[in-house]
C-alpha cells in the first residue's frame, strides 16, 4: 500500500497506482509517487526493486499495465518516449547511452529542436563551461566513463526540459567527475528545473533530495524527507533484509 | 476426398520442409545467426547421396548418415574458420558472410558438377501407398518419418543429454552459460555441425524426391525462413508445426486458386507474422 | 554497433587523459573539393559517349546504376543501421512500373521515370511503416520476404504484368551519323542514342548530392543516433519512426527510377531477373566495401567493385561466382569498416562527417 | 578474347584429340565441304586474310548451362570445319564466344560488347528464349541480323523486330502433331495443360491450348506454376478429378520429372503425357527409369533422321566432342549452315543485304523440313518431330516419313504397369 499524502506544493509529476509485469515478475506493483516542481526528489531501493522500470514507465520507454502518470496535468502513460521528451522531460540512463560513433558535439546538437548553428554555439558554450572544449570532436565511444556521464548531462541541457530524470548518475564515477556532475545538478535547479534522481550513493541522496521514495519489490514502501526515511524501520529491512 | 488428399500432400510436403528448417532454426537459436548458406549445405548433402548412389551403388537411405557426418565436419570447419568471427556482431555481418558462403558453395558446385539436373532413383521409394483412395507418396512419407525421427531425436538430445543442455543454456543466455563453465565456443561449433548435418539429411531425402542441382538450395531458403519465423525463431516444436502449416497452406492455396499464388503464401505468412507477432505463433514473447 | 569504427584508442585509462582529436586544416574545404570533383566528373561523363565506344558507355552506365543503388541503400542502412534487403524489390517494382507504362501507355519516357520513382516512394512508405519496427535480423528477413513476394506477384498477376513472359519495351533504334552534321546536331544525336546513360548519370548525380546533404545535415545525425542507440534517441526526443520511414521511402525512390531506366536500357525484363536478390546484395556489398555510413564510401565501393568484378568475370565467368562470394566473405571478416575506415585509420582521410 | 578463355582452353583440349585423328577428320570435312557450296572437285584452299569474326554468347553455366553447352559445341564444330575447308568467302572464321550464365541482362550486355567493342562481323543467337528476347533488342538496335538458333518463344516474333530469324519451329507449335494428328487418331476429347511461368514454357503451353481449341478438344484445365516449383500435387489432384485424356506440360526437365513422379504418386492416369522440353532429353529417362515410358514430347531433330548432311554432322560431332549431339546442337549447327549460305549468296558482309537474304532464303539444313521464314522472321518451314519413350528408347512417332517405330498408346494406368 502506498501512503502518499497529497502535498501542498506544486506537483509537476504524479504517478498513481502504476503497475508493470514482465512475464512472471511484477516489476512495479501499484506504485505511486509525486515530484514537486523545482525540487530534487529521490528514489532509492535495493537492486531490482523496480526503480529503473519506474523511470522507463515515466519516460515512455515502457507502457504500464495499469495506473496513470500525470505530467503537467496530462496523463502520459503509454505515450511514446519522443512525445514525452518533447513535453519537456529528459533523462539519463543507468549505463550511459551516448551515440558512440558520433562526436561529442554531434551528440549534443542532434537532440535539440533549434537550428543547427544555434545549437552548435550553445553546445560549445556548455562544453567550455565544464572545460571540455577539446573533446568536442572526439567520438563519444572514446571518452572515459565519467566523461560520458558528463556529456550525457550536457546533452540534457540541450533540450528544453522541465523535469530531468537521472538514473544512477554517480555509479562508477570518480570524485572529480562527481563534483562536476553535482555542479551541473545545482545549475539545473538554479535554472528552475525539477529533478528526479535515483542512486545508491546514500550520502549524496540524503544530502541532495528534499523528498525520497523507497522502493522494494516494485512497491513504494516508504516516503518522506531524508530524515524520516532514515528512521524508517522498513527501509532498513529492505536494505539489510530479514 | 480431394481435399483430404490435398491436406495429406501438404503435410507430407511439410515433412520435407521440417528437417531443412530445423537445422536453420538450431543455428539461429544458439548463435542468433541467420545462415543464408543453409540451402547450399543441403545441396551438398544431396550431391553426396547422388554420387554415392550412382558411382558407388550405395543405397540412398544408407548414404544419409554418411552425408550427415561429412557435412557435420564441413559445418564444424566453417564455424571454426568463418562464422565464429561474426558471432555477436551486428546481424548484417553474419547475413552477408553466410550469403557469401552460399554464393561460393554454389559457384564451386556449378564448376564441379555443372548445372545439370540430376536425380537419385531408388525404385522402392517411387510411387505411393494408397489407403482408402488417399495416396501417400512413398518417398515423402519416408522423408516425413525420418524428419520426425531426427527432429524428435534432436529434441530428446537437447532435453536429456548434458551437451544438449549446454546447447540450450547457450541459446537462452550465452553469458550465464559461460559463467556456469560451459565452453560456449565448443557449443557453437557443435551447433553449426549439427545444423549442417540436418541440412545434409534433408538434402539426401530431397535428392530422392526432387532433382539435384547446384541451385536447389535457393528454392528452399525462403521457405525455411517462413517456417522458423512462423514457428517462433529458436523454437523446435514451433518449427515442426510451422513446416506443416506452411505445407498445408501451400497445397490448399494451390488447390483452391493456383500454384502460382501458393508460391507467395510462404512470404506473405512471413511478413504478416513478423509485423503482427514477431515472436511467431508458438514462440515466447521477446524481452 | 559501430559500423564506422572510431579509431582504436582503447578504453581511456582515466578521466582526463583522452587525446583530443583535431581534424586537419583542409577538412573544411572538403565540400568545395567535392564540388570541383563533381563538376569535373560530370563534364567528363557527359562527353564519354562521344569519346568512347558503346561498351564503355554501358559499363559506365552499370557503374552509375550501382552508385545509385549503394548510395541510396546507405541512407537508411549505413547511416541508420537498418539493414535492408528491399532494394531488389524496389528496383523490380520500378522496372515494372516503367516497363508497363512504356508498353501499354506509350508515354514519354521522362514522366515514366518520375512515376516509377514516386510509385516506389509510396510503396516504400507503406512497407516501411509496419516493418521498420522490427530490428536486426527480423527486419532483414522481412525485406527478403518483401522482395520475394513482389516477384511472386509480378509472376502471378499475368493480366497486368504479363507474368513469366516478361515485358518487351519499345525498341530504341540508333540514329546514325550523317555527313556534315553540325555540332548541335551531333550532340542531339549523341543524346538520343544515349538517353538512358544520361538519365542514369542525372540520377546518380542527384543521389550523390543528396547523400552529401543528408550526411552533413542533422537528419543524417538523427539516423546515426538511431543506429547507435535507438532507445536513447527516442528518449532524447527524436521522432525515430518518422525519421526511419521517411528515409526508407526516400531511398526507395532511387532504385525505383534506376530500375525503370534499366528496363528501358535492356529492352526486355522478366520478374526473375529484376527481382533477383542480387540487386540488394550488390548495393550492400559495394556500400560496405567502400564504407557504409560515409558519403563517398558507397560511391568509391561501387566504382571499384563494379570494375573489379567486370574484370574477374571477363577472365573467367565460371569463377566469377566463387570470387564474388569470396570477396563478400573477406570484406565482412577483414574490412567491416570498408575502404574509408582503412583510409581514416591511416589518417589519409580525416574523420569527418563530410567524408 | 579474354572472356572466352574457358571455351578456348576447352577447344584446345578438343583440338588435341582432333589432332590424333586428322585423316579421319579431314575425310569427314571434305565430305561436308562437298555438300556445301564449294565447287565440286576443288580441293579446299587454306583460308586467307583477316578472319570473319562471328560473335555469340551462349549459356554454358547457370540454369540452362547444360543445354547451352550443346549449342556452343555445334558453333565450334562449324568453325573448325569451315577453317579446315576453305573458310567463309575464302577467309578464316573465328567464333567469339561468351557465357551469359543464363541471364538475359548479361546476354544483352555481352552482345553489345561483341558488337561495339569486339566489333564482330556477324552474330549468332544465344541459348534460351529469355536471353534471346533481351539480346534481340541489342542486335536490332545495331542493325545486326540475328539467327535464333536456341530459342523459339512466339513472343520474339511478335514484337516488331526487323531482322530476327527463327531456325526452328516456334514454341507454340511444339505440340501441333500430338494434338492435330495423334489425338484425333486416338479419339481423345479432353486435355489439361499446365506450364511453367517462364517465357518459353508458357509459349508452348499457351500454343497447345490454342491448337486444342481449334481442334475442338476440350481444355478442362489450364494453369501455370512457378519456376523451380517443388510441389505440383494440388494441381495434379485437380486434374485427377477431371480425368482428362491428355496431360500436356509446358515444362523444362526438372518440372517434367516432378510432374511424372507426382502423377505416379497420386495415381493420375491420363491416356497421354506430353512435355515440351524434358521429354526429348536422355536425362529424362535416366532420372525416371521405367516411369518415362509412354511419355511423348516434341523434338526439333533426332540423330537418326535422314536429312541432308545429318550423318556427316553426327560423325563429325562425335569425333570432335566425344559424345552424341543433342537437338540443341543440331539447331545451333543448322543456324550456322543458314548463316553460311546467306553470306555466300550475298558475297560480302553487308548486314542489310544479309538480313534481306535471310528473309527470302529457302534451304535444307540438317533439321527436318526446310529453312523458310515469314515476314516477321518466324520459322515456318521446319517440321518438328514427335518422340515417345518406349522401353527406355526414344522412338520417333511422327511425322510419318521420319517414323522409327509405332506409336504406343494409350498409356496404361500406373498400377497396371509392370
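All chains are identified by letter, namely A, B, C and D, in their written order; residue positions are counted from 1 within each chain.
The working rule: a contact is a pair of C-beta atoms (placed from the backbone, for glycine too) under 8 Å apart; a residue touches a chain by one contact, two chains touch by 3 or more.
Just so you know, these numbers come straight off a predicted model, no measurement behind them.
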(request) Grab the C-alpha centre of each chain and report whichever is closest to the global C-alpha centre. (result) C
(message) Contact counts by the stated rule: is the higher one at B-C or C-D?
(response) B-C
(request) Could you grab the centroid distance between chain B and chain C? Build each centroid from C-alpha atoms only and quote it in angstrom. (result) 33
(request) Could you put a whole-Å number on the gap between the CA centroids of chain C and chain D? (result) 39
(request) Indicate the whole-number Å distance between the mean C-alpha point of chain A and the mean C-alpha point of chain C. (result) 42
(request) Could you grab the centroid distance between chain A and chain B? Build each centroid from C-alpha atoms only and quote it in angstrom. (result) 48
(message) Counting only residues that touch at least two other chains, what does the list for chain C look like?
(response) 3, 152, 155-156, 163, 318, 320
(request) Give the residues of chain D that touch two or more other chains, as numbers and ranges in rising order. (result) 61, 197, 224, 226
(request) Could you check chain B for residues that touch two or more other chains and list them? (result) 110, 258, 260, 263
(request) Quick one: which bits of chain B touch chain D in the complex? Just the residue numbers, please. (result) 2, 5-6, 9, 13, 16, 110, 114-119, 121, 123, 126-128, 130, 135, 137-140, 209-211, 213, 215, 218-220, 250-255, 258-260, 262-263
(request) Using the touch definition up top, name the residues of chain B that touch chain C in the complex. (result) 28, 32, 34, 82, 85-86, 89-93, 95-97, 99-108, 110-111, 222, 225-226, 229, 258, 260-261, 263-264, 266-268, 270-271, 274-275, 278
(message) Quick check on the complex: what are the chain C residues that touch chain A?
(response) 2-7, 9, 11-18, 20-23, 217-218, 221-222, 224-225, 227-229, 231-240, 293, 351, 353
(message) Looking at the complex, which residues from chain D come into contact with chain B?
(response) 61-66, 69, 102, 197, 223-226, 228-235, 237-238, 240-241, 253-254, 257-258, 261-262, 264-267, 283, 286-289, 291, 414
(request) In the complex, go through chain C and note every residue touching chain B. (result) 1, 3, 77, 81, 83, 130-131, 133-134, 136-138, 140-142, 144-146, 148-149, 152-153, 155-156, 163, 281, 284-285, 288, 318-329, 331-333, 336
